[in-house]
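Chains: A, B, C, D, E and F, in written order; residue numbering restarts at 1 for each.
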Amino acid sequence: MTDLTPLDEDFLPVSGFVVPRFAGPSTFMRLPMLSRDEAMARKVDIGLIGVPWDNGTSNRAGARHGPRALRDASTMVRMFNQATGVHPFHMARCADLGDAPVNPVNLMDALAQLTSYFAEIAASGIVPLSFGGDHLTSLPVLRALGRHGPLGMIHFDAHTDFYDTYFGDFRYAHGTPFRRALEEGLLDPRRIVQIGLRGTSVTGEDVAFARSQGVRLFFIEEVMEVGAEAVMREARAVVGDAPTYVSFDIDVIDPSQAPGTGTPEIGGISTFMAQQMLRGLAGLNLVGADLVEVSPPFDSNGLTAWTGASLGFEILCPLALAVARARAISTD
Amino acid sequence: MTDLTPLDEDFLPVSGFVVPRFAGPSTFMRLPMLSRDEAMARKVDIGLIGVPWDNGTSNRAGARHGPRALRDASTMVRMFNQATGVHPFHMARCADLGDAPVNPVNLMDALAQLTSYFAEIAASGIVPLSFGGDHLTSLPVLRALGRHGPLGMIHFDAHTDFYDTYFGDFRYAHGTPFRRALEEGLLDPRRIVQIGLRGTSVTGEDVAFARSQGVRLFFIEEVMEVGAEAVMREARAVVGDAPTYVSFDIDVIDPSQAPGTGTPEIGGISTFMAQQMLRGLAGLNLVGADLVEVSPPFDSNGLTAWTGASLGFEILCPLALAVARARAISTD
Amino acid sequence: MTDLTPLDEDFLPVSGFVVPRFAGPSTFMRLPMLSRDEAMARKVDIGLIGVPWDNGTSNRAGARHGPRALRDASTMVRMFNQATGVHPFHMARCADLGDAPVNPVNLMDALAQLTSYFAEIAASGIVPLSFGGDHLTSLPVLRALGRHGPLGMIHFDAHTDFYDTYFGDFRYAHGTPFRRALEEGLLDPRRIVQIGLRGTSVTGEDVAFARSQGVRLFFIEEVMEVGAEAVMREARAVVGDAPTYVSFDIDVIDPSQAPGTGTPEIGGISTFMAQQMLRGLAGLNLVGADLVEVSPPFDSNGLTAWTGASLGFEILCPLALAVARARAISTD
Amino acid sequence: MTDLTPLDEDFLPVSGFVVPRFAGPSTFMRLPMLSRDEAMARKVDIGLIGVPWDNGTSNRAGARHGPRALRDASTMVRMFNQATGVHPFHMARCADLGDAPVNPVNLMDALAQLTSYFAEIAASGIVPLSFGGDHLTSLPVLRALGRHGPLGMIHFDAHTDFYDTYFGDFRYAHGTPFRRALEEGLLDPRRIVQIGLRGTSVTGEDVAFARSQGVRLFFIEEVMEVGAEAVMREARAVVGDAPTYVSFDIDVIDPSQAPGTGTPEIGGISTFMAQQMLRGLAGLNLVGADLVEVSPPFDSNGLTAWTGASLGFEILCPLALAVARARAISTD
Amino acid sequence: MTDLTPLDEDFLPVSGFVVPRFAGPSTFMRLPMLSRDEAMARKVDIGLIGVPWDNGTSNRAGARHGPRALRDASTMVRMFNQATGVHPFHMARCADLGDAPVNPVNLMDALAQLTSYFAEIAASGIVPLSFGGDHLTSLPVLRALGRHGPLGMIHFDAHTDFYDTYFGDFRYAHGTPFRRALEEGLLDPRRIVQIGLRGTSVTGEDVAFARSQGVRLFFIEEVMEVGAEAVMREARAVVGDAPTYVSFDIDVIDPSQAPGTGTPEIGGISTFMAQQMLRGLAGLNLVGADLVEVSPPFDSNGLTAWTGASLGFEILCPLALAVARARAISTD
Amino acid sequence: MTDLTPLDEDFLPVSGFVVPRFAGPSTFMRLPMLSRDEAMARKVDIGLIGVPWDNGTSNRAGARHGPRALRDASTMVRMFNQATGVHPFHMARCADLGDAPVNPVNLMDALAQLTSYFAEIAASGIVPLSFGGDHLTSLPVLRALGRHGPLGMIHFDAHTDFYDTYFGDFRYAHGTPFRRALEEGLLDPRRIVQIGLRGTSVTGEDVAFARSQGVRLFFIEEVMEVGAEAVMREARAVVGDAPTYVSFDIDVIDPSQAPGTGTPEIGGISTFMAQQMLRGLAGLNLVGADLVEVSPPFDSNGLTAWTGASLGFEILCPLALAVARARAISTD
């Protein structure tokens, strides 16, 4: 138990020894819920943001309900990470910024609203940790964070999401965000690592494209063979110390541990292995992250929401370390 | 037990005394599944058509999975209606025409595809009984059936679906189909009856509009007070003998009997009362019908699909009567 | 609150104010569980017996798990009937006799075992209240109880169960028990009343047969029109004061209140109406009863088991009255 | 559609045409969530308060999770009551005050905390509409509201909750709150009406006690016979115009419409009938209300939460009318 | 992405980029559904066949519903295996042949019908990949395929299914198929490998028998210790290049990944390990296969069906390789 | 298959080949259910005891329903352990002693009742294997078993349960039993091993305390790194040959295999690894054991109950070995 002084007592979650975990407001990790203006005024470092939107989903929808279920489950998260000793809420002011604006009946309008919203968040200097929603929600975030130059990305997923079009020539769907991001110059393909790929495929065009661009692909067989530590060692080397984004699709996890998602693939990584890998992000120059594709209508016992909330905390830890490091550097 | 000669033995469902109801192809009511070309060649009278599309849903999605769940449940439907003696499969050639074409990531493209598809169905002389999908799926069907002049409509629903726009100025959503249909001249408002309206409301603008157009609204309180028979007597008088459409939103049923829907409202009509009302459609000049808003992800024990399939059969009976009457008239 | 002296304190269920209802052995209505020998020695009047067998099920199986689920739910039943004032456990020694012997992989062997078992129960002078299992479980009970002459029967069900054969010429299935019972002279058709019939039908052959035999059929429409009291008045008149059996198929109840059954039919009777009808059995010369077709695998929230257990208690009350009346007569 | 001017725009829920109902903070009916201090400063009239506590539950627990599930479901409630035209949010400033303090491992400590909390709420002049939690949560509210003299009460429930002790001599449980309230002089027994009583009973001691005190008991059979209007006419006469409390136990509703509760009883009232009865509260001098015993772990498809949220809105309407009347009187 | 020319375009599944995976007919892996006559005319190589039959189940039934649930889930399978590069639908004409004939109320009649049916399939030169149904469904398939001499078998299962009799002297149950197959000379015991055995046992008689016959048993402990590759190396050596059957009981998988089965055993193999083992079948002389014991009523979130469909595809791949090899040989 | 002679035929569970596993009384592992007096008279060695109590639960309750669900699931356990060859029912007379007395509305009263109950059990010379209930149920058992001197303990859990107080200064909760047991001198801290610790933490005070006392803590990372065998080798060394207790909290298992528990933590041990570790208890001087925190309301498909029942059998095996060893020693 480290003797830590928090930056600001107001940003520490209420203890479950004082208010039971089933009581009190249902916010991400029991953090205060603030508007963007309040967050700026209070110098919030990291904004946990819901993106209740799944219009890009080509198969089973429902991720629009993800943020609410994740908030609910996340009230069982506590103060610090016993495995790493990281106390994220002591190191960075974290707040729940509520949900981003969406439009469930018009994809392009919603995409425009989200693009604008995340541009403002980024302009406020708040590091976004967003909770989807489907994977198309990553695109507007990348538009905001990648506006000064292409980012690196460590991407956990069963699928590449590098497809070009769906149902004819439709370019915006939950399988295309990173194709679009590359086209828009938001990501540097040689600094992208994809981990956990698997499942059957239609044409393999996505994988061929990714390889042609220099993306490092870890299919599940390689992950299982070399192990979490080796994967992350190489992932860290690939992205280096330049600004990097983390995108975590819950379907990278085996469906026994995350059944509530739109496109499950058997034979996935375990939550234990995911924890080891996410802990391997510590020390990277992270500028934002997301966790997507939790679909509550297919999550009959709430396990996926709990898995997502728990892994969201594991992502928050290295993000808080990055924020603290940036603060230390800027203070020097 | 009437001694009936079917039009065509091939269009009688397989008996559950021969093939158990859990076995064999999962088609609507165990009917043959035919392409549109085959259906025309075989002189199919009524086409049961799935419309797996829910992009107009403003709240809880999932109706895209409706057709498959309804087909599965419908294999428990048998040959004839014990309450009325109607043998629909003996009176009209009925077939499962499969699913209409959709695009889950682009509402306007899907709407165009569906409009074109149902225009072809109508041009083939096949009477459509479509299974949604959300309520926006009614619009392309009405565009096809109402092309020669406005139709009457008997509409069972907890909601009017007469809203104008959503999320700003978006005109196509599952709460707007009948506003659009009126604008497009597909329905005659003075020949529309809405039955089962209830629930809280935002502004009441939809009801005010409907009343201003001369629509006959039966709120649930009136339905419960006067009873099924009186409601249907007036409904029949309102639509008269001119061509009439039937639209059945499963949320008109109490959520205890139809929990799997996007916008449930407590205090609904019972399935028994719905059966009485649907039997009251017998003798009308029906030109098509739909049953919409069954959302399997919210239907934890399959009851809604079974309710929908059973009521779909009740709708099929008067539709088959109308087909038989039309045949008799044209034969004269 | 009547001041009652029980026949035997040992046969009163433990109070939920002493041992919580979720604690203690899971027996029918918290009664003692006795072997048949013990039951005879202790002069048990009514034996509550599980029949975990569903090999006669032509559609969705699972009623084999019924007795266990019904026992579990029934521990929430208390001492007396507030609506009628009947204290069944004070009036008759009731015990849980455990499960009858079955064979899940051979229908004819199981039927023989059950026939023998219930013959012994009847020979012991114990009145059976059996909990299925599917409806074929009624046949071995009737073979025992009807051995001295045909019985009357009040039969609650969505289906007549008067079919002749299934899947070719197979004569034993859950839709044939009463056809067989008539053939075997166990029931008097003119003293049979069937209540709650509904749903689609294949050929109507069952109904035609029943009518030809003089069975009184109450379809659901008549039940709803004349009401519980009128139905039961006529039912009592039909069976008269001669020995009568009660068979209650849970599918007579609307599937919103009893979803966990193999062949649900929408538009059923409510539990409230069922309670009124079962209370109308008071005073009849009842010699046994069953409650069948509770299928736990399709009962996602346990409601059907609770409905079945509660209605089982309603059946037990008039059965206890009949036992007490018989005792009074024999004592005179 | 009435042309209404709200007291304060800030207290109108966000429209679902602007922010979808699955998005945004999960507060009661999308109201602002305020602390008690903020509520006082903003002159809040009615406080919607969660009481996540179920330590008085003798059977199946889980009502501690009720407030969160009710908040979640309640975001589907809209602005006004179409059946009555009442716009509660325009007539009274309503806010979500969050959850009252509880202690899940010590009943007496929790009871003391709640007693103190509700005393403060009442002292602030805020009318409480609390959402349980089990029925013992009513006691601390009554201690606050009944401090100036015994109240009348209209109590909807399958059970009287007039028991004396449990498990020996334990006096505080979810079946005893109104016995205690009578002993503490918080309720006037001759101004209590209980509606919907049913189910089996252990000794009948509770009913005998209630009758001896002059409580008006409506068992379900009487309710079904005379109908909602007659029941409420008499209920209004019994409580008169003096201060009256409303307590609504969700188990009064039939378990098909409210399965998620600890002590379900079959044969209950329908939500439609409940709506009619709750609308019959209009015009009474209501000083507070609660809705209790929603137990999410037993609510497999969320229907009970939706039923509870919808009926909570029906309770809020007459409460807002009472607030508006009181304001009008005090303004005169 | 290999540049492959399919044998016949008509036998390639429709792409999910054209028709969404929730739309269109629910056939195995979106293949065309053909009658046996059509299949012969179209030179179908591999027939995917449902066997909706569970009358041999001694414990929890429900596998009769397996084929329908597997078809539904299997529409999420795509064109090729990313891990191995195998394109089964390009290498062999695959079709859904519908369901085999069954009789749910008479085990021996059903067994006779199935024996006759599979004899015809085998006579047509179609390689069967059947989807159960319980494990007794393997026996009629083996009778067809083993008619020219005993086969080898690689059998994945938690249980040996080598029991002799059940419930007295009943010889046909889901725990006896391979005892019967040995007695009938359909299998060569020294060419049988059983993988994944575990759980408690009654007498151990089955294991003793298997060992006495020379069957190679891999208990789970050995599988976990030596790993998938070593197990399959030995398995391939045991069966050699002679005709071999594959039988896959879903209960070999850990119940967290396949809960919907009749006799789950904790501590099973993971789907990832199963995939590695099934890929180790490549190159064997496979003549047929089955996947059995998926029981949808116990599969609350559909995960077992998805696991079964995914592993069914992994079995199809080596089967298609075997077909292609046989074609190449016969062409030479 | 060993040729074993049981101590007493009456204490062997009924075979599933005679009575199907879904039939017959629902007792632990199909053992006879005896009162404590009968158990003493019959010289029962090991008593399987339910403790349906969860009043110490600070978060999600429901473990009060654990014993019933565990009994139900446990009827699928068979006679012997195939992996180890241990036949526990042949080596020790095992019986189901029913449920211990509890009081759901008063924690301290229940604790007193349980303390007294287990003191009597211990005084009878019966070794308790109790099934919770939450983890506070371990305290009264330890009070009974540790009365002659502090015990060693091997404790499987995600949490230390060494907290001091909850919600102020409340000392009895499911996170405090072992703190209390140390204070009461019931356990020797240097002979305690805790295995499987993980998850986020509030203050880390519990871990610091445990370490200060000399408890050996195995966090999950160490368990995964060194493996089951190494963990158990050290655990056996730590507890030595002195009397030792085993406490198994189901939440040590990964929530994919045991979702039905109050405080799940992702990244847990697998059931396979748990089996290996529990088999490593063989030969220890075990004096009692428990398995706790199975919470059926959160166990949507019954998997947790089955996992608990299966692991309960794995615990019973070394307990029976210890009993047999003690008998052998005392006989010498």
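Rule of thumb we're sticking to: a residue touches a chain if its C-beta (ideal position, glycine included) is under 8 Å from a C-beta of that chain, and two chains touch if they have at least 3 such contacts.
Keep in mind the model is a prediction, meaning the values are calculated, not measured.
Enquirer: Could you run down the chains that neighbour chain C and chain D together?
Expert: For chain C paired with chain D, the chains in contact with each are B, F, in label order.
Enquirer: Using the touch definition from the top, list the chains contacting both chain E and chain F.
Expert: Under the touch definition, chain E and chain F have A, C as mutual neighbours.
Enquirer: Centre to centre, using CA atoms, which chain is the farthest one from chain E?
Expert: The most remote chain is D.
Enquirer: Taking each chain's centre as the mean of its CA atoms, how far is chain B from chain C in angstrom?
Expert: 39
Enquirer: Provide the C-alpha centroid distance between chain A and chain C, rounded to the nearest whole angstrom.
Expert: Chain centroid spacing, chain A to chain C, equals 56 Å.
Enquirer: Residues of chain F touching 2+ other chains?
Expert: 20, 22, 58-60, 64-65, 104, 166-167, 254, 256-257, 298, 300-301
Enquirer: Once you draw an edge for every pair of touching chains, what topology comes out, line, ring, star, complete or other?
Expert: other
Enquirer: Which pairs of chains touch each other in this structure?
Expert: A-B, A-D, A-E, A-F, B-C, B-D, B-E, C-D, C-E, C-F, D-F, E-F
Enquirer: Going by the contact rule at the top, pick out the chain F residues touching chain A in the complex.
Expert: Listed in rising order, the residues are 58-60, 163, 165-167, 197-205, 207-208, 219-221, 224, 254-257, 259-260, 263-268, 298-301.
Enquirer: Mind listing the chain F positions that touch chain E in their complex?
Expert: 1, 15-18, 20-22, 76-83, 254, 256-257, 270-272, 275, 300-301, 303, 306-307, 310-311, 313
Enquirer: Using the touch rule from the top, collect the residues of chain E that touch chain C in their complex.
Expert: So the residues of chain E touching chain C come out as 54-62, 64-65, 103-107, 109, 166-168, 170, 172-173, 297-298, 300.
Enquirer: Which residues of chain F touch chain C in their complex?
Expert: Against chain C, the touching part of chain F is residues 19-20, 22-26, 33, 50, 52, 64-65, 67-68, 71-72, 98-99, 101-102, 104.
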